[in-house]
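Next come two complexes, and both contain subunit A; in the first it sits with subunit B, in the second with subunit C.
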Partner chain A sequence: MIDFGRVQKELQECSKDSQASGIKVSPKADNLARLVGTIPGPIGTPYEGGTFQIDITLPDAYPFQPPKMQFATKVWHPNISSQSGAICLDILKDQWSPALTLKTALLSIQALLSAPEPDDPQDAVVAQQYLKDYQTFVGTARYWTETFAKTSALGVEEKVQRLVEMGFLESLVRSTLDAVGGDENLALEKLCSA
Partner chain B sequence: MDDYFSSEEEEEYCSDRDALDGLENDDPDYDWVPPKGPSTKVITKESLLCAQRGDLRRVMELLSLREHHARTLLIHHRWDVEKLLAVLVERGKACLFANAGVPLTEDQDLSLPRHSTSTVMCDICMEDIPGQITTRMDCSHCYCNDCWTEHFVVKINEGQSKRIKCMAHKCNAICDEAIVRDLVRRRHPDLANKFDRFLLESYIEDNKMVKWCPSTPHCGNAIRIEEDECCEVECSCGLQFCFSCLSEPHSPCSCLMWELWSKKCRDESETVNWITVHTKPCPKCHKPVEKNGGCNLVSCICGQAFCWLCGGATGRDHTWSNIAGHSCGRYKEDQEQKSERAKRDLYRYMHYHNRYKAHLDSFKLENKLRETIQEKVSVSEEKESALRDFTWVTNGLYRLFRSRRVLLYSYPFAFYMFGEELFTDEMTDEQREIKQHLFEDQQQQLEANVERLSKFLEEPFDEYDEKKVMDVRMHVINLSVVTDTLCRKMYECIETDLLGCLALGTHNIAPYKSKGIERAAALNAKADESDKYLPLDFGKAGASELDRPSGSGSLDDSGRPTKRARTEGLVGALIDLNVPAGGY
Partner chain C sequence: MSKRVLCKFFAHGACLKGEHCEYSHDWTAPQNNVHFCLCRLLQLTRINSLYSILTHLIFAQVCTFYQKGTCTYGNRCRYEHVKASRPWSGASSSSSSSSRTSSQPPISGCVPQVLTSRSGVHCSSTSVEVSSRSRPLGPRNQPAWNRGFEQPDYVDGTDVIESRTVRPADQSICSFAAAGDCPRGEACPHIHGDLCPTCGKHCLHPFRPEEREEHMKTCEKKQKQLEALKLSQEIECSVCLDRVLSKPTAAERKFGILSECDHAFCITCIRNWRSSSPTTGMDVNSSLRACPICRKLSYFVIPSVIWYTSKEEKQEIIDNYKAKLKSIDCKHFNFGDGNCPFGTSCFYKHAYRDGRLEEVVLRHLGAEDGETVIAKDIRLSDFLGDLRIS
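Presenting the complex of A and B:
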């Protein structure tokens, strides 16, 4: 059986510093075995500005077996399938350790976005492009980020503007909006309580 | 004249005896333990623990380690003690231990109190846990017992018993097997037994010098060899097999050749005869085509039409008597060559297969000779005669089986050695031809002598008078020596002249053993039953000397158990060594 006690604690821990890390985990339904993780695209990469959703399924023996994770948001990356969102990452397979958590796993995925490993590809087409024509790769990845990872992209600038006009720092507004997934009201709540 | 003759015979008799000494059965201790040859051992369910313990002890003593750490090191190095020691010398203890997942400072945990009264936060379940129900591993990581147990259960069920790592991220340390066993047994006794079995059988599964006997139904034994992986062995269950590929013994064929050959025989033997009589190869795809009626224009399944008379490709327009644009009188070189080639390949295979089959049949028939010869010997022994010793008959028969076997497998060898499948680029046609002549010369000599030996052994010597028996005897002894020499020479020729210059690693051939396939000796399983737990004082490990599996480095204790077992195994077993391994 899944150790739900631990999952609860993980969720609490994660929400505590989700503002700083930008990483969020929330249950999909009420049974805690299906979750959704959210990571912001790392700054200085073609994924910057995007918000990526990751489907998480916990196996029965969690945390003694790795959680199953795959991208729900389409992403152009050598180690992530452009079709299915499957992730090629060692800690999600044989290098998993029960001492790792959902948050550390999501952080590793975020790190993978910053540092692709084209020599160990999940998506051969993307990896080929990455190695042979890096500029085109960056262009495609950026385009995919714009198209799929910023559903509310158009509205974001307006929201930022409105919130800045209320007297909040622009950088803080942006990070808060990112953290809550672009929901203006939630962001306002957070900004006020911070 | 008479005198002269008899004295000459006497002399020859003597020299024969000398030459044949190796074949005689009266001094097995001397004969059956080759001074340096690999000595194979049978490991049974009962002696497995003992076999494993020998290697464990060696490593424990050399590195002053505890048993589970020694086992971890050995599993990591696939039970190759020599390799393990080489790593130790070359790269140092720290590297050896780190790679295998053995913590360097293994005594650390002993100094730390295992049971403290304070509570500890378990990083896995994230609960505060009383110290008594947590466990600290050698790597100093500490978690609660429930989490450890759950981790072990998952790993054992995943088949990872041999390398259960610590739960901490990036901690490479292998968990103490005693702790694993203890914690798992509390909740899942069955799984703990499974864990123990996995650890025990790792000695066979992860060890390139040990393999399960391939017998079906399985005899439960494994065979351990000492040096050369390329050899043929006999298990105590009676099955003879090639240690490298686990199929029947097949030298002088290499494993690859034998695999190809037996596949080819399976695919083709039944149909080959029918095919050659009833079909012609299609000039395009070379598939055999059967003419199932009608005129001489035949069309293959690939769509190619061809003339049944000449086998050449044609168009499709035809009448009963002739095919448009085709006349068999005209010689079409290219097509002719193609169809010739397919035909030649088939004939070539049949040539070798027929001879292989003939020797296989003889081999089976001669096996029946054993009984009839035994009768003849009994009859002869009853007679009032100066000749009382009839070991030359059994020895001759034995030699016949042995040589027949070599001859049998020399045909598939030749098929591949001089064929185009394996060595096309390795030698020129000219070289191939020279080699083939060289080999076939030897093969023919051997064949002739084997047949003569067979003929003499079939003679009704029990009905002959003494002089004639002496004559048969002389021939049998002579021919035995000759065939043995020829077999040896054939192996030498293969090794040096045929394969030696080809720089090929894939064709290892089990060496020729004049005395037949070595029967693996029972491992000295006189396990010290009282010694369930290893003595902590390694200084007193004197008893281990005896049941230690003869490590390749220790010469003094390697011979003893072998000899003893050989002597026991030999009673009435001389001829059994040559019974076909079954599965023909």
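Presenting the complex of A and C:
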């Protein structure tokens, strides 16, 4: 049985200093066993400026068993699967301790983003690139951040402003954005093809 | 004349003459009452000489029971309640009491010479009071009751006499003052206790050093315990994030102290963690036996209702716990019938049915590197393992 009292407390604690840490946790539905965590990309890394969403599923024995965490946002990182978003982190596996919380686990993931461990990879392709061609790795990681971790974070007004700056009509930009569901890249493609 | 004497047939409930009897049929007449009682008493005791002694005493209106110590009638007794010997005269009373004071001070001290101010002995009571004033008091007593009473010259009849004659150490302290506030204040006839620095009450007896010390000791201990409890109230379990002592059930309101570190958990949380099934790749000994916070290995958990503030307190809790377990028979050992896997390190009692404790003989073996090791149960596989088959 999940200790919902503790989960409730963790959520409160998280929302208290979410301003300072940038880490947010919110329940997906009414069920507290499924949550979504949000972490900002660490400054000084290719992930800077991105906002990453992590799916959290709490096992029945939580907090005596680690929570299951997976990136919902696509990330280019040696220890995170580029396909599934699975995270290779010891505290989410055999080094879990009940004294750890969702917030500390997310903080550890944030730290993992800034300090990849290519020798203990989750995604072999990314790890290979990291070790052999670091520059390309940084480029790809930045591109993925720009592409997948930024769109949702920006407000509609910013997207509109950017597309207008490219030379499109504001009314057209708005209608196109609405049509593609707010995705800036899709809207740009549509606008260009139109 | 005969009418004044109780009819002996009537006394036995069998006078046939009834109202026409020439002897008295009146129980309530005092002389009859006494006479009848004495008759009965003499019948029982068969000591004739007692009669004259008793009649003399009773008709002299002194309660003999009171003199001996207890009169069941108390204040309602119709005879004079005069303590010790009948005050024949003021002078002799004072001289006799003072001579007794010198020989056995505790008795004369705690027994007031005159407790009553009935008309018959009134004059002698005052004379006793005067004599006690003039009597030179021992140096031990003099400052004692001077300290005890700030107003030695207040007028309050019997209380004065009593307090003057009773040794201060035998007097109890004012219960009102001890509880917090005495409404009589300075005028209170009882001793007001000194202020206890720990509990802040006037409950220290000024003349009983042992009692003072005992009170101070228990008071300090209580205070310490209270403070520890206060501190413990604030402590949160790092696993359930609740305050340990605010848990819903009494069984949960306990700390689980780890032997090797000082991190606080509630007993249920730490036990749950240590007994939880390890997830894949988790090592029981390095993960589950470790403190969830500092990952230091602890081999046992000590339940405690209070959190400690110092190393000594922790040790005391551990020692008490171990001592308690040592008094419980080990169910694995089962009075010698079973086999305890913990062996000599078992916390429980290993005793046989006849009360004899298990004797542990450790077998020391010389290891190859010259050190001695303590042999555990030796298995055949130990030898086979070393065997090299060529």
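Things to note:
The rule is simple: the second predicted complex is superposed on the first by the 151 of 194 C-alpha atoms of A that agree within 3 Å, B and C clash if a C-alpha of one lies under 4 Å from a C-alpha of the other, contacts with A are read in each partner's own complex, and residues count from 1 in each chain.
Note that a contact is a pair of C-beta atoms (placed from the backbone, for glycine too) under 8 Å apart; a residue touches a chain by one contact, two chains touch by 3 or more.
Everything numeric in this text was worked out from a predicted model, so none of it was measured.
Taken together in the superposed arrangement on subunit A, subunit B and subunit C clash. Set against each other, subunit B and subunit C touch different numbers of residues in subunit A, with C touching more. Touch criterion met: A:93 reaches subunit C, while subunit B stays clear of it. Of the two partner chains placed by the overlay, neither subunit B nor subunit C lies in contact with A:132. Using the contact criterion defined above for the overlaid structures, shared-chain residue A:66 touches subunit C, although it does not reach subunit B. In the superposition on chain A, contact is made by A:5 with both subunit B and subunit C. Contacts of A:28 after superposition: neither subunit B nor subunit C is touched. When the two complexes are superposed via chain A, 525-533 is the only one of 273-281, 525-533 or 561-569 in subunit B with C-alpha atoms clashing against subunit C.
Subunit A residues in contact with subunit B (one complex) as well as with subunit C (other complex) are 3, 5-6, 9-10, 61, 63-65, 97-100. Touching subunit C in their complex are the following residues of subunit A: 3, 5-6, 9-10, 13, 61, 63-66, 93-101.
Only residues 3, 5-6, 9-10, 61, 63-65, 91, 97-100, 104 of subunit A touch subunit B when the two sit together in their complex. Taken in their complex, subunit B has these residues touching subunit A: 123-127, 147, 150-151, 153-154, 165, 167-171. Residues 238-242, 263, 269, 272-273, 276, 279-283, 287, 290, 292-293, 295 of subunit C are the ones touching subunit A in the complex.
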